[in-house]
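The following pair of complexes shares a single chain, chain A, combined with chain B in the former and chain C in the latter.
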Partner chain A sequence: MYSFSYHRPASVAEASDLIANAADGKLVAGGQTLLPTMKHRLASPSDVIDLGAIAELGGIVVNGNIVTIGAMTSHAEVAASGEVQEAIPALAALAGNIGDPAVRNRGTIGGSIANNDPAADYPAAIIALGATVRTNRREIAGEDFFTGMFETALEEDEIIVAVDFPRPEAAAYMKFENPASRYAMVGVFVARTGGGARAAVTGATDCAHRAYRMEEALAKDFSPTALADFEAPVDRMNADIHASAEYRAHLVRVMAQRAVAACA
Partner chain B sequence: MREQGIGASVRRKEDQRFLLGKGRYTGDINVAGQTHAYFLRSPHAHAVIEGIDASAAAAAPGVVAVLTGDDLAADGIGPLICGVTVTSDDGEPHRAPPHPALAQGKVNYVGDHVAIVIAETLTQAQDAAELVDVKYRPLPAVSSTGEAAGEGQQQIHDVAPNNVCFNWPFGDKAANDEAFASAHRISSIELTNNRMVTNPMEPRAALGEYNSGTEEITLHMTTQNPHVHRLVLAAFNQLAPEHKLRVVGPDVGGGFGAKIFVYAEELVVGWACRKVNRPVKWTGDRSEAFMADAHGRDHVSRAEMALDENGRFLAMRVQTTANLGAYLSTFSTMVPSYLYAFLLAGQYATPLIYSEVKAVFTNTAPVDASRGAGRPEATYLLERLVDVCAADMDLDPAEIRRRNFIPKDAFPYQTPVVQCYDSGDYEAALDQAMELADYAGFAARAEEAKSRGKLRGIGFSSYVEACGIAPSAAVGQLGGGVGLWESAQVRFNPTGNVQVFTGTHSHGQGHETTFAQLVCDQLGVPFENIEVIHGDTARTQFGMGTYGSRSLAVGGVAIAKACDKLIAKGRKIAAHAMEAAEGDIEFADGNYTVAGTDKSMNIAEVAFTAYVPHNYPEGVEPGFDENAFFDPMNFSFPAGTHICEVEVDPDTGEVEIADYTAVDDFGKLVNPMIVEGQVHGGIVHGIGQALLEGCRYDSEGQLVTASFMDYAMPRADNAPDFRIGYAPTDPPHNPLGVKGCGEAGAIGAPPAVINAIANAIGARHVEMPATPETVWRACQSAA
Partner chain C sequence: MKIDLTVNGQAASGEVEARTLLVDFLREQLRLTGTHVGCDTSQCGACVVMVDGKSVKSCTMLAAMAGGCDVTTIEGLANGAELHPMQQAFMDNHGLQCGFCTPGMVMSGLDIVNRHGRELDAATVRRELNGNICRCTGYQNIVKSIREGARAMGD
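Moving on to the complex of A and B:
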């Protein structure tokens, strides 16, 4: 690890000033990606601004049909939250199956989506549930937030404050885990909402995305058989030593069908 | 049986310090004036070094020294050696390219050692390493085992044309060919044995200290065999004379073979601490373990079996290409030769076996022994072939094994491949395993699984292995450079407690408990009064260390022999003290008794008398402290049958181990709980190889699986509960009646798992690791 200046601001405003004035600053939430990267000397920020002491970034609040999860809420807190379990059980289950206990106790929803690892779980939920990402500057629709591999709609120095999830009628997430990392090799989140069927895929391509064709099939018939002929585009799939593009495309259909079945 | 003697599942003594976080590993040891070392490694798989400019690094803050291969050569240190000779088919010894501990003009794999940077802090050493300017001229790399010796491949070493280390045929080819020519049927299989990164929990580490007053070097390090390290470092690497070198293996967090070898880092740290006259500490990280620990396995093979019309094995022939990596590690040549081809008979009475092993160099990390070493490769090949034979002959896999087993009344049994098995009852283990696994109920379970959309399969593996290495004479005949006896010293203190010094080394095996039980049983001393000491060349007599499941079968016998000497000496002392004839003294349960009387003396009193010899027999030396060496007459041959049941999800290719049964013959068990732990660990190791672990280099020789993000180790949820049974036989060559148990699981498990998958999906073969995609594709083609 290279040396850096460490800051622990008490408010979003203070964090915003610090990041704006740093030569090459990095916000750290749970640090589950940034710290290993720094330890391997692959990142060398001048300043690390720790969001861990900012009270306004924490907490889970249910207001009518909206579940609001503060950006610094850990995966373990989401998984254990009675409110989330009641309102969106699929989201609590998703959080409870990210990484391992150490990761879940340190990693946060804000950190995960700001990093936008192509195999992360939360992006699929945020897109499929039609969630809204709130920052210190604006609101961003979930499906517009994830723009590419490790890229998001966040502007320079913009800080995620919370994510608002509308309560679905039913939802489920099915993840096929990479046997080594246990990240999603393919993850499919489907939801039946007042506005119709929604689906999102993570792990399979360079960035989590909404699966419109899947949604069309499910709009007619929200059942696993509706997806029997669904074919994910092989040419857009990731390929690596763990799974070829063809296999990933196959898994997208299987995971989607299982997610739909789990919504019943 | 004493409550804590042989046969009792005593809780492990060592766990108190481990569970309390009081273990003392090399990384925990820090000394005054210590510097920190960082190894600069090659980013290239194959390159010429045209120059190294370390001037900027040497001038960087906190830097004590930057040392390269030139410095090493100038001091006459190294090179690293391979200790076992294999004679190639041209009558010449295997090709042994130079293996400098720091590169001298060339690097041959990613992670090859280029320089050591020593600084006041590790961060300063890392910072300075980035300033070392190494001019590399990259060369094409060779990374494929199967293609390394092929036409037009890049040459790696001048001394090894076509990248071949040795071609080693073994057996009577003409007789073998004749048997094949007249066979009823020939079954064949081609397969790879996947390369593994051994990955003990604690990465390697070393702390070197030089005392200019005594001119001694003390090297704390992660070792499975401190005296072997000292011997090789002194005699072959010129680090220091043997009496001026102390090697200490304190608590060591697992080895599985990877900490047997003499590596560059430990040698360089030992040399550098004298060079800079400061203690030098290196603690490897996980990335370094992936890159630069010796890897295991990595074979490509073809095997054929000639069968008669009843499915009896007439002859077997095997062609194997074994990847030894870029250089020869300490025992590398022995693994795909003597530890492999000599096990190809397995449990079967196959009369003729012919094998050809081609060992090749590639631009990958060196390959050497890893839990099982050669025997898992032989067992996997044979047990997969046997299942293919069963399918070809339309025989039940249990039945074809039974028909070909060496019968229990045929022991000692001379195989056609050198080994003479001393004891065994293979059918007993098979029967018990089939009973435990409810083989008869399998069809119903498969039917039920089908109703859930799952394909259920069952697989057998009947293995035999040769461990408890060695007999020294056999090792010598085979070209090994060492003896493989073991030593022990058992010392009573005047107050009656006992210190046991063993030449073996415990790095997770629980020797402190098992050996204490042994002594408790033999001498009748309370378990808690016995301390087992190992791992320090300054505290224990010369010993050969721990590998090849030898600690109890060889080291344990040495301890028992030392106990026997104490008992015999004590008899004289007790006879004198109780004014009886020596011949009238009986020893049992810690007490010397005059036969037919109630006159008795405890061994602790005898020990005290030996140290305070006021009333003492003439001609008997004072003191109560004996040592012994044991060199067995033969290997030990654990064997058994494992039965695995899997459920395959045909939609995804996922494999779940639904049930696992292991029935093993380990002879007599000293601590059944520890043995069962070894069995569990070994099986999980084997499940890891079968389903998850596969070390991969790309065509440029870059290590693709360089972290746990890409290299899948088995975790708790990959393993089922196990059904464990024992079918012991008594090994006549072992005075304690024990065999080794540490490697058996890793040897038996891979074919059991793969045979079960092949059975589930109706495929002839599925390659390891049987990843979901591999199995899914096999399902597609089987359908």
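Moving on to the complex of A and C:
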């Protein structure tokens, strides 16, 4: 890895100043993606600003029907949280199945969504649950946050503070995982909410996205059979050594049906 | 830059580059070479240590990030000549072949006990070990060792 300057601010305001003034700064949360990327010399920031000492970015709070998860909350903390397990069990289960236990102890929700890996798990939950991403400047609707492969609505020096999840009536996430990386080859998150059926797909295309046609089918009948004829667009699917586009399109339907079944 | 931390119960400090990985600081500067680097890409788990009581892959954490933390490595487990029950269980059950992955397996085993208690079924141990790879494929006895070590930790 190339050399860089390391900073460990104690507040979001201090981190904001550091990133704004760095020549080519990078914020690091748990570092489970950034550090491997830097080792491969695919990233070579001038300054690395570690958010690990900022207490205000941690913690899980349930307020009425909103579950707020601080950006620096680790996957392990979300998975083990009694509040999350009670309010949105599908979210706790999703967090508990990211990577492996040691990765979950370091990796964070804020880091995961800021990176927006096309096969990451959290983006599907944030879109399907209609969550809101709060930054040090504004609030961004979950479905507007993920804009493309490794691209988000975040400005260069904007910092995620927390994510607010509305409690659904029922929700489930099913992923067909790559057995080596445990990233989603395809993951589908479905939710039954006061505002109707919602669904989001990750791993299948260049970026996690809302699945409107799937939602239309589920609005009429929230059951696995409602998706029996659902066809994901093969021409938009990723294809690689792990799975062809046709196979991923097939997995979208199967994972969606399993997720709907798990909501019952 | 200078870092101060606690390693195996003792104060430790050192001059590191910002890019120094925790595992390199432990091995090269503190000469605690029990923690291994298998893959260097956070896949294999040979470098697992405890940081503030939680298992982490020390090849995927900067030494600087561990400033002020309490780190435990494989060297911190035994009490003098007396092995930790988890280490003893690996010895008793032939839980290692070449031994390269063993430090990480033992540390991850302790992390499993911390989160799941001392009565572990094989399926739980196998699932929780999915970030630790044994290239000799000696998983049968590793799982056996962790289950037995977990039970022995209460004695």
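Simple rule for what comes next: the second predicted complex is superposed on the first by the 264 of 264 C-alpha atoms of A that agree within 3 Å, B and C clash if a C-alpha of one lies under 4 Å from a C-alpha of the other, contacts with A are read in each partner's own complex, and residues count from 1 in each chain.
What we mean here is this: a contact is a pair of C-beta atoms (placed from the backbone, for glycine too) under 8 Å apart; a residue touches a chain by one contact, two chains touch by 3 or more.
Model, not experiment: these values are computed from the prediction.
Contacts of A:I241 after superposition on the shared chain: chain B is touched, whereas chain C is not. Contacts of A:R134 after superposition: neither chain B nor chain C is touched.
By the touch criterion stated above, A:A102 is placed in contact with chain C alone, chain B being left untouched. Of the two partners chain B and chain C, it is C that touches the larger number of chain A residues. Once chain A of one complex is fitted onto chain A of the other, the partner contacts of A:H250 are limited to chain B, with no touch recorded for chain C. Of the two partner chains, chain C is the only one that A:F4 touches; chain B does not reach it.
With the contact threshold set out at the top, residues 1-3, 180 of chain A are in contact with chain B in one structure and with chain C in the other. Interface residues of chain A, counted against chain C in their complex, comprise 1-6, 8, 31-32, 35-36, 38-39, 48, 50, 52, 76, 80, 99-103, 105-106, 180, 182. Residues 123, 126-127, 287, 651-652, 691-692, 696, 704-705, 708-713, 771-773, 776-777 of chain B touch chain A in their complex.
Residues of chain C touching chain A in their complex: 1, 17-19, 21, 40-43, 45, 48, 54-57, 60-62, 64-65, 67, 108, 111-112, 115, 128, 130-132. Every residue of chain A that touches chain B in the complex is listed here, in rising order: 1-3, 40-41, 176, 179-181, 241-244, 247, 250-251, 254.
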